[in-house]
Amino acid sequence: MQCRSAEELQLLVNEAKKSSNKGKVADYIPALQKANKDTLSISLFYPNGSCFSAGDIKENLTLQSISKVITLAIALNDRGEEYVFNRVGQEPTGDPFNSIAKLETNKPSKPLNPMINAGALAVTHMIEGSSVDERFKRILKLIQKLSGNESISYNKEVADSEFKTADLNRSLCYFLKEHGVIDEDVEQLIDLYTRQCAIELNCLDLSRIGCVLAMDGKDPYTEEQLIPSSVARICKTFMVTCGMYNASGEFAIEVGIPAKSGVSGGILGAVPGRFGIGIYGPALDEKGNSIAGMKLLKLMSEKYSLSMF
Amino acid sequence: MQCRSAEELQLLVNEAKKSSNKGKVADYIPALQKANKDTLSISLFYPNGSCFSAGDIKENLTLQSISKVITLAIALNDRGEEYVFNRVGQEPTGDPFNSIAKLETNKPSKPLNPMINAGALAVTHMIEGSSVDERFKRILKLIQKLSGNESISYNKEVADSEFKTADLNRSLCYFLKEHGVIDEDVEQLIDLYTRQCAIELNCLDLSRIGCVLAMDGKDPYTEEQLIPSSVARICKTFMVTCGMYNASGEFAIEVGIPAKSGVSGGILGAVPGRFGIGIYGPALDEKGNSIAGMKLLKLMSEKYSLSMF
Amino acid sequence: MQCRSAEELQLLVNEAKKSSNKGKVADYIPALQKANKDTLSISLFYPNGSCFSAGDIKENLTLQSISKVITLAIALNDRGEEYVFNRVGQEPTGDPFNSIAKLETNKPSKPLNPMINAGALAVTHMIEGSSVDERFKRILKLIQKLSGNESISYNKEVADSEFKTADLNRSLCYFLKEHGVIDEDVEQLIDLYTRQCAIELNCLDLSRIGCVLAMDGKDPYTEEQLIPSSVARICKTFMVTCGMYNASGEFAIEVGIPAKSGVSGGILGAVPGRFGIGIYGPALDEKGNSIAGMKLLKLMSEKYSLSMF
Amino acid sequence: MQCRSAEELQLLVNEAKKSSNKGKVADYIPALQKANKDTLSISLFYPNGSCFSAGDIKENLTLQSISKVITLAIALNDRGEEYVFNRVGQEPTGDPFNSIAKLETNKPSKPLNPMINAGALAVTHMIEGSSVDERFKRILKLIQKLSGNESISYNKEVADSEFKTADLNRSLCYFLKEHGVIDEDVEQLIDLYTRQCAIELNCLDLSRIGCVLAMDGKDPYTEEQLIPSSVARICKTFMVTCGMYNASGEFAIEVGIPAKSGVSGGILGAVPGRFGIGIYGPALDEKGNSIAGMKLLKLMSEKYSLSMF
């Protein structure tokens, strides 16, 4: 499909891009280090199928933490709200996304929410399937359907790179296993988790996923309910309260839309009832969010009154 | 003014009330202990001036933590966003509302948000005025205008009782003073803070305040902008991300509206663009929220699709 | 060798034994659950080779955390003080022995001392050798020499049982690996660590090890310096400041000798210049120390003025 | 009395002094900032009345945290072990001396030991007397007797300066008051506490106090038991496990004697059965201990085998 380049959007991108040099590309995952720090692209996808863009929206990025929204949707579908929230909390946290301290101090041990690593690992653990391959295919399949792009796959090099350096996630997993939150083989779970993080797509794909969320889980073309509306609502709520790591509160005030970022520099956004957003800008701020992407969303929120609040 | 008793609302109240016996009335503030555990009343106030109620909506309650929303509005007005958020953060926290630990571990020391006690004390400190009396009158005045009720005052017995038992808040204040977040006399600040918490009104008043917030700060009658719309938006955002103590995330998922609770059992709610809510139910759950009030809002959110998400 | 039963000692044992029923046998390691809660035995070993005992001092127990003293001695010998203490701290902690929180909050991440699990794992990691078998043999060999008992080996059933349930230690290891404190394969390190914890001996053996420590590392018979005196001194210092988990401070006040306990119910003690102590009493208090063993040492310290302070 | 200058000691002082330039004088108490960074003096006092010194041992310093040992002795005497240790713990901590976090996380709230500020404030609270003046005189009187110097008083300028800047200690006090650990007026307690910290003496005085502790509380001249021996023993134990802030563990290994430091740069030491030590060196390391004083004690411990371990 074709997305029209929009001049007004390009002006905002040019403005936002200036902040890129204050950020830096993620360096703890070797495969991400190669990204071009100056990149900033955006795609807006509307329910009627129209689409506006600025920058090279066909450039690939990996989902990273953005995948946490998708796996949450699957787990809620597979297991139901009660099962999921008995094992993973619903509360935002002031701690960093990879923190372990609260797992020790909270009794019983329970990840605070599904958007921090501990919670996301527990959620991925809940995805049903007879093998890692099968479970991974279910994740990939949903992403293909949400984006209407069957060619989406994962970047094996990135997955392998993250698998090798995932010791902090292993530490979180064994802590969760000690406390009975997960009970599968840790290496297997890390394998599945690093693959989901390495799913590769582009801004256009992201904006189409955002559009489905904005429309409460219904594909605007086919009118197929790809995600139950109650599940879509829960996903969007977490995107507001915990979607931007521990800058979520500030983001809610300054932008005010459901959004989820990843350390690759991607941002998935959903303006309820209006349109979906896909952004790629690999220079990160110190909290791990795309620095130019955040700036761009602030400019857009002011100009187009996007805030839900 | 008159509020019509609504049969449908009364049925939901009857259902919600059943959970009261699982809660308990706040006992750490002596004056609050006298409350009747079985009370549950609600008022809904609409921009067109119509009003629906169930239960005795003229029964008085004190604002307690609900007052944090009002003082935030004044501080933002007095000092501007930049000043306020340089001193108090915008991030939700998984810690209890009266916790001090994060003030020590976060460098520089800064309360995480204006809805926890440390942040609210820092915000009250920012309210301008030449004396405690003058500053307090400014708070009271705004509440009188928002509710259209000039007879609202504060309960001196409750304020005195809280002043005497405010040692934890004093501890927070001195910690903040050590780190330069506040610089006034602590006893003076505690005096002002306990008075603001002891402001006494009823459900109807609360629902009118909620209605003004729902209408972005504009009085629906007089069309006077009582709070700048940008300030009203920030207040509502904090009500979503941190309004219900460390049950805010769960509340966002299960109810999905801006709301703020107090340990007196009051809840102030705002359904954006639609109506304001005032609830009084003094039996609290273990996180400090009105247990029957929470249940009532869940029932209403499902029945009337109130969620913003 | 023969150890004379001592009537006076037996009276103290009888008195101390009464507290056993307030304790409970460790249940998180399946193989330890079988222990008899009422057991209490003690052996005192003197440099001149005389020995006094009460209870069945030939009953076997596994070393568990007592082994941390031995591996520390080897690591200090293998690597030197500077190397060891650059990677593991020297400070006591008020946190439980298996806590992970301080690894996250302390920058750079470094276990506080070699007597908590995180520190002990880092120390075992430092023991040189070309394979787990070889490294384990070096630990075993030293224990055989210190106790003069070449028949000492390890209990494979206990080691296997602990290996299977060591998820919390795995979590600690991966956290340490993430921060570069260890760099070997975690399963391999856990294998070595659980074997060292499962080394099996009796009270008499323990008391002979204690005697060598009391004599600054020199075997009182052969006059062979089994551990350099500077290393023996460091080991005894840690036994005073951190030997009894987070009851070490209380133990220093009430007993006042270098001692190290294990969750099997064993205690290794060294009265500097005087004699070694071996105790076995599997009923534990809530901090993980032998409840009757602690009581016995208090009675002895008062009666025989054992305190160093 | 006269103290002989000792050439050998002077050589060690010269060596230790070199580290002074890596430290810095305490700056958070204005009155301490005036100290001369290069100062290093030491006095050794023996039970037979002989005395050796290096540097200007008549220069005055304030006790600061060293006073915690004296007030603990009085509280143990006034209230008994059980009363004191029901309110203040006996465990060393890895946290800084002025930390508040553990008061919140430990249930029930209880300072970990009497050498951190929270514990010392609770101990001073226990000192009996009908007024601050009377209680302070009891502290001063004991110090005069221990040092045999009736002219010792306190530095009002330092006390006033600390009283004004004691907001962190006020925060600790109110937290303790909230939890019932203390119940007196906070300003009154801070008044007493800042006076005890400002008691002014010199190295010679300190070394005589150390000598009495080394002799289990008995004045070597008059043979009067100034402190019960059981109390002296407890004080020395805390000096080993928690005397040098969160460098106590390292100090136990490298020096190995009971000692207590203060942010004025003073160190009180007691070599059991042998002699007392008084040191003054105001340049501090990052943990708050006299940097040259620590170095000097290390050199002495090696040369004269002072370690108890």
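Labels for the chains are A, B, C and D, by order of writing; each one numbers its residues from 1.
Going forward, contacts are C-beta pairs under 8 Å (C-beta built on N, C-alpha and C of every residue); 3 or more make two chains touch, one makes a residue touch a chain.
In UniProt terms the chains read A, B, C, D = Glutaminase.
Fair warning: this is a prediction, and the values are worked out from it, not measured in the lab.
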Original post:
What is the shortest path, in steps, from subunit A (Glutaminase) to subunit C (Glutaminase) when you may only step between chains that touch?
Top reply: 1
Subject >> Other chains in touch with both subunit A (Glutaminase) and subunit D (Glutaminase) >> reply: B, C
Original post:
When the C-alpha atoms of subunit A (Glutaminase) and subunit B (Glutaminase) are each averaged to a single point, how far apart are the two points in Å?
Top reply: 33
Subject >> Centre distance in Å when subunit B (Glutaminase) and subunit C (Glutaminase) are each reduced to the mean of their C-alpha atoms >> reply: 55
Subject >> Rounded Å distance between subunit B (Glutaminase) and subunit D (Glutaminase), as computed from the means of their C-alpha atoms >> reply: 48
Original post:
Among the residues of subunit C (Glutaminase), which ones contact at least 2 other chains?
Top reply: 105
**OP:** Using the contact definition from the top, classify how the chains connect: line, ring, star, complete or other.
**Re:** ring
Original post:
Can you name every pair of chains that touch?
Top reply: A-B, A-C, B-D, C-D
Original post:
Okay, in this complex, where on subunit A (Glutaminase) does subunit C (Glutaminase) touch?
Top reply: 99-101, 104-105, 167-168, 170-175, 177-178, 186
Original post:
How about subunit A (Glutaminase): which of its residues touch subunit B (Glutaminase) in the complex?
Top reply: 85, 89-95, 102, 106, 112-113, 233-234, 236-238, 240-242, 246-250, 252-253, 256, 258, 272, 307-309
